[in-house]
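We just call them A, B and C in the order they show up, numbering each chain from 1.
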């Protein structure tokens, strides 16, 4: 199935449009399938992630100490540990199938992690156990990637401008906080999962998991600040299942 | 100061007879002759070879540093293969630069400046100058070289650990050096190996200093009173006394550092530190304690490095000037004054370190006072040139240039 | 050979003395009230040491020129007076120089480091961490909130570990990545380090002070010109030490008040 792991920061992600059309197709196909043939077509779990309470404000990051990065942004970049959208939407939540799906081999395609304008792009990089990752420094200054892994081996490498990309893979599932030692405001996450059914909620809170054979699944949603939540979802032949998550936000 | 009493003459005869009994038989076989030798001349040459290896290594490190300073973002040919982690693609990372700087400083200060003038030349020349057959403790002497050699190998091993050599400088200030690998790349095993290496180095130098002192005091030949000793012998003797006290402080400092790193103690680490987003589980220590211990060693260390040089050039120039050194007793008094005062000035490395600013004033005064004996020494050298008939051999020119630089 | 050496010594002496006397590479412009004392101490030290340097090097060159062996068998002479003139010269002249420099220098040093700050000084809390400086102003209530190292969250701009949820004094603290100060007003910085040793150095202010983990160190000064200068870290603190800096912006009073209002709105 086609799905995109990179979510653009603004605007409705392409995958939502793609997902809607695929969902229609799935519904149509499974409707025909219900006439007699076993429902072998894949289903979808989609939903919304929202919060209650008051989250911390997204604050502007002052990059004064690194003029080469500061001048790349005409308006200051905002902090990304809590990304909120309209109608209490919560972005950057990793939603994935934690039980019920068949395990699959890790994709060979490398996940790309960029350091550009002294920011990590994407803020949350979702990859599978054993999937390669390439870390690129697109800035004029050295960056220092320090994934603070506790289960996987922790490493800490500098990447001066012009260096080749750093290749990394992880063997165990973990949510790893990533920081740049040189620029204290740079923080990100590697979400290393065992499953290839995963999605990242967009700024409007929507996400979609596709390609799921009918069955019972446990869907887990993880936010770097507000914890983890799980839900049991059944994907039947013909219906697009939904799962909505509501996180309790604290202001500080 | 002629010592003519019969009692001390008898004592000296008795001592050199005792040493004669302990003396080693002529060595047989390659290992005993050239590797594990008890002979002071072989050991002196071994120290000089070690210093040569260290200086060449340090020089290569400095070339890499200079290349990076000249061409900051360029790829160093071959470095990418040599250090794939620290210099991917040949481009030097900041941690590699700092580790080069640390290792260069450590190699040069410890393994070149302390071994070559003091242990290298001293071991070779001092027993000959006082008329002894060998150093007072030949086995200690051999042990001191091999412990120093082991220290060198442990330091070089720091280049080959996965996280790389330490990056905290040759002065290894705490808590950067005491915290462990959270503080940065190279601060894991690399820094531990550094501390082990320096601790071993202290042991080697302490053994050497003991040897020099015992030899100078006990093994002078008949008729060589202290006042008749050559200047270089005096310089090595005074250097040994300085070294005995200074290295005795650096050794426990390194042990405390190792305890902080490996045993969870907090000699140098206060409470509440957050390093790489991790709250450190230490409390109660003081980073200033490391600085005090280190510089209490560190200042006398620079005098350990230079005093043998003072002695050597005061010994050499009168030969080529064809007249004795001006004011020999004054010269010796100045050397002793410098040695004594060197222990009172360590705080001038710590003026802005956060200790009470009043102590900066207190340390400035002996720092300025120590210039007086140093000035007298330089003036005595220049005064020796007055009325001389200088022969400008290579040795003489080298010595004259030392006067210029002093 | 000896004459060549003498000439080279004289040339090196003259060139190096000239470089200092013409101040080709000298200190940056001083923008602080007490900096003038530091500069004077520097000049006096350079002059007194420089004179002795030039004299002794030229005497060395002269003696090497004069007393090479010309093969004429002339008698060897001893310096008149022996070692005594050297001892006297060093003790009296160098001693006098030491006394003067110590007395004057102590006053300058005490003015910067041993004097009490102005009671109306603007207090700014400075935190040094690997590898940036952050500055905290007390805000409208004039009080600094308590610091909680376990609450530090760099990704969310909580660099100091403030607890605004439970600590009312922390709610209006203004945290900034640049040091903005009003011109001609006494400033009192309190320096503390989050992780390892760092240092605060502004060459133009002629002040420098190490950050020592575990200690809170006061540092006070008054800036006299409206400028933007770099604050650099001068104590090796790890791999990012070369890139550790912040900018100090000295502003006119009204601009500073506006800056504080803007910052407070952003917190």
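One rule holds for everything that comes next: contacts are C-beta pairs under 8 Å (C-beta built on N, C-alpha and C of every residue); 3 or more make two chains touch, one makes a residue touch a chain.
Worth saying up front: this structure is predicted, and the values here are computed from it rather than measured.
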item	value
Length of the shortest touching-chain route, chain A through to chain B	1
Taking each chain's C-alpha mean as its centre, the one farthest from chain B	A
Separation of mean Cα positions, chain B and chain A [Å, integer]	56
Cα-centroid distance, chain A relative to chain C, in whole angstrom	48
Centre-of-Cα separation between chain C and chain B, whole angstrom	29
Chain B, residues touching no fewer than two other chains	93-95, 184-185, 276-277
Residue list for chain A, restricted to those that touch at least two other chains	142, 144, 158, 179, 181-182
In chain C, residues with contacts to at least two other chains	129-130, 154, 238-240, 243
Residue ranges of chain C touching chain B (in the complex, touch as defined)	1-2, 5, 9, 12, 52, 56-57, 59-60, 63-64, 67-69, 74, 76-79, 82-83, 85-87, 89-91, 94-95, 98, 101-102, 105-106, 109-110, 113-114, 129-130, 149-150, 152, 154, 161, 194-197, 199, 208-215, 217, 235-243
Chain B residues within the chain A interface of the complex	73, 75, 85, 88-89, 91-95, 184-185, 276-278
Contact set on chain A toward chain C in their complex	56, 59-66, 79-82, 141-142, 144, 158, 179, 181-185, 187, 225, 250-252
Chain C residues within the chain A interface of the complex	129-133, 153-159, 163-165, 176-178, 238-240, 243-247, 266-267
Residues of chain B touching chain C in the complex	93-95, 97-98, 167-169, 173-176, 179, 183-185, 187, 269-277, 279, 285-288, 321-323, 326-327, 330-331, 352-354, 357-358, 360-361, 364-365, 368-369, 371-373, 375-376, 378-380, 382-392, 397, 400-401, 403-404
